[in-house]
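Look for subunit A in each of the two complexes below; its partner is subunit B in the first and subunit C in the second.
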Partner chain A sequence: MVLILIDTRLIARVMPMFLSGLVETIKISVLGGIISLIIGTLLGILLTINNKVVKIIIGVYTGFIRSTPLLVQLYFIHFGLPIIGIKLQSFQSAVIALSINCAAYITEIIRGGLNSVDKGQHEAAKALGLSWFQTMKIIVLPQAFQVALPPLISQFSYLIKDTSLAAVVIVPEITYISRKVASQTYRPMESFGIPTLIYFMIFVLLRLLSNFVSTKGQKMVRG
Partner chain B sequence: MEQITITEQLIRLGGAFIRNLEFLPWVLLIGVVFGLLFALIRFHRIPVLNFIVMAFVEIMRGAPFLIIVFAVYFALPYMGIQLDAIASGIVVLSMSATAYLSEIFRGGLMAIDKGQFEAADALGLTYFQKLRFIILPQMIKISLPSMIGQIVLTIKDTSIVSLVGVVEIVRTSRQIMQITLDPFTAFGIVSIYFAIVCYPLIYFSQRLERRLQK
Partner chain C sequence: MKKIIEINKLNKWFGKHHVLKDINLEVCEGDVLVLCGPSGAGKSTLLRCINLLENFQEGEILVFDKSIKENRANLRFIRKSTGMVFQHFNLFPHLTVLENTYMAPVNVKKVPKEKAIELSKELLNKVGILDKIDAYPEQLSGGQKQRVAIARALAMEPKLMLFDEPTSALDPEMIKEVLEVMKQLALSGMTMMIVSHEMGFAREAANKISFIDQGNIVEISDKDEFFRNPKHERTKAFLSKIL
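So, the complex of A and B:
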């Protein structure tokens, strides 16, 4: 029954800590999202060039990343890079690990988007005398992104959930704060209820955005 | 500085990895049974239960796995339930797997043609006969690729329960690393073990998915 009694004064007292944690979570998510989007898009485009070696290298990268736990990847970077002389702060290793992880999934999404663009579009662009770069920039990528946008948004919501692992290398984001609050106050309901709600609200917002984008995209395709 | 040879590391980490995989049968059993139950509750929109199940599933999917692990680990003793590390690991992994599997199954149920349900009713089958002979076989066929994907996620998530004291592969690798001061070998072996098990599953599920799309 103790669990039902929620201490509102305690919530008011710990809320600023959670908000600072939220800021940290958003910082990691946005940085990781941008970096992984850039890497993922580049690798996705590289896959469309029919080169066996490139395909195998990217395939090994995405396969390996997707079949190993993020926690191990984070440890690898956090403890491994200092050995070869790259000094990292916790925040940096979290961003690097998350970017490398998320980029593998984004590569697959972008590849799917690029594959969905009709071959006729490439041929038409060629007939217009556009260079490969122009074709990609003006014709192919905008269409590919339209298809890829909803899965990209859900991938981004996975990324935000994954930022919780940054707590393991002591980045003061929401999950780290919640554990700290729990061990200081011995009130698990408030300590874990608040962060769960924060994450949940972000998740719902992103899903609404994804639904909105996909229905709007369908409307545009239908004319 | 104490040294541990690579063969010794391979053996110790391999033994620890079996502990990760030992979670799997329990989690899958609980996840499939409750996942199916939850999917049916939501599919038939059973009042009240539908809302409770929906809230559970959405919170499980919306919150990071790590925070659920911490919450269960801290909250259970607070409620007077004493569980050892492995049992609480099974509880959290099953909660998460149940939520995701119920969504996978619900998707499978919704993909089945309405005519199948009507035809089963017309044949005068009872509800359980209908499920057993008509609905479930089709649902499983549709859901199989995503189910395999969920198995991969569960295997990867077992790494996280190391953070609340289960001595499995990731925890063992950290202990080894603290002795050898060589993170590349220790975590490299861990990655390879995970990849050996998970990559074929990912590949198989992608093949299945492509075959189903045809």
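So, the complex of A and C:
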């Protein structure tokens, strides 16, 4: 039934557009993922150093970000900031908004991972003469990431889905392309069916990658 | 005799609780000192002050003639030259037995990896774990874990070993294998400071015993003197209960 409704020649015709959209989606996701992982890890580590002021500042940041919609944050960065002279291109706005948003969640995930590492691990490392940095790098972070990996992966899958919001600031990623294709062809079934499948395939790939990393990752982080 | 540890007027509080009161103590090269006493007396806390895992408010601790709180270089030197064995082993669960053992010499002392591995294997052989070098800590029994922990500490080639209740978390049948390793170590001339309730071990391997109660060193004397002729009433009462 559904098959009759699908125009395969049309699909072949619009596929290149979707592929360029996919590239854009991947660019935003990878950049946003890396930036938010770095910010989130740094803030997560800072939270374990018992400093009240630092804790309050980071708490305000994560609390504020997590209690406001990402779409509004994106609007604010893209349309609000130019008023005070900060003009960003669509792509930059999207990456910054997604990074700031995702980092707030990753901060909490990393903090949880770090807290799960037993105090005795820190003590054993100290007693052996390891510096704070070495203790973090060799002993604590590998164990924390092992614990944090499943929630991190689901956070990244949210991030990838959230890149679709970049369409509202006219970044030519998959969702934007699908709207464009729909308005040009008047074929909503194909126009929105294809991106749905693409998003789903990205998700499946991410799952496979996470399974691979969680089994091999232990070896990789060991150095 | 060369002094390894010298503690002068050490005072420590946990909040308002005065855990260590005016502690003075000397440990010389080759000494095997066992700290005993009721739980909560401050034995472990005292031991943990020696490599500054536990901070203290007053007094001074010199290890290898270096004041531990004077600067970071002293602290680093003392920790590098002091091995520590914990009640709960604290092995690194994401590293194999061999990696646990050579990790510190490679990263802290910058020993070439092959050399560190060679030494690690030698030590693991000495503590009887050579067949398990590629296992992860979770695959070992408690006694095996503690023997690996001892090898890990020895891999740094320390001049002083601290033992914080090394057999308290072990099943009775595993205590012996760990004590045997410690006895060998004592015989080899290692300077050791041990918090333990194992009076049989103390009788065999220690040369000095100290009784600690309520944050005070009630008594410290040579082993024979301590068992045969305890001076303090508190010590007598304690010994009569546990022997």
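The rule is simple: the second predicted complex is superposed on the first by the 203 of 223 C-alpha atoms of A that agree within 3 Å, B and C clash if a C-alpha of one lies under 4 Å from a C-alpha of the other, contacts with A are read in each partner's own complex, and residues count from 1 in each chain.
Please note the rule applied: contacts are C-beta pairs under 8 Å (C-beta built on N, C-alpha and C of every residue); 3 or more make two chains touch, one makes a residue touch a chain.
This structure is a prediction, so every number in the text was calculated from the model and none was measured.
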Overlaying on subunit A: subunit B and subunit C, fit or clash? fit
Rounded to a multiple of 10, tell me what angle the C-alpha centres of subunit B and subunit C make at the one for subunit A, in degrees. 110
Report for A:138: first if it touches subunit B alone, second if subunit C alone, otherwise both or neither. second
Taking the superposition on A as described, I'd like to know which of subunit B and subunit C A:12 touches: first, second, both or neither. neither
Let me test your reading of the model: by the given contact rule, A:49 touches which partner, first (subunit B), second (subunit C), both or neither? neither
Which superposed partner A:146 touches (first subunit B, second subunit C, both, neither): second
In this superposed model, does subunit C or subunit B come into contact with more residues of subunit A? B
Quick one: classify A:127 as touching subunit B (first), subunit C (second), both or neither. second
After overlaying the two complexes, what is the shortest C-alpha distance between subunit B and subunit C, in Å? 24
Subunit B residues within the subunit A interface of the complex: 58-59, 61-68, 70-71, 74-75, 78-79, 152, 156-157, 159-160, 162-163, 170, 173-174, 177, 182-184, 187-188, 190-191, 194-195, 197-199, 201-203
In the complex with subunit B, residue positions of subunit A that touch it: 2-3, 63-64, 66-73, 75-76, 79-80, 83, 161-165, 167-168, 174-175, 178-179, 182, 186, 188-189, 191-192, 195-196, 199-200, 202-204
Subunit A residues within the subunit C interface of the complex: 118, 120-121, 123-124, 126-131, 134, 138-139, 142-143, 146, 218, 221-222
Show which residues of subunit C lie in contact with subunit A when the two form their complex. 51, 53, 76, 79-80, 82-84, 86, 88, 90-95, 99, 103-104, 107-109, 152-153, 156, 162
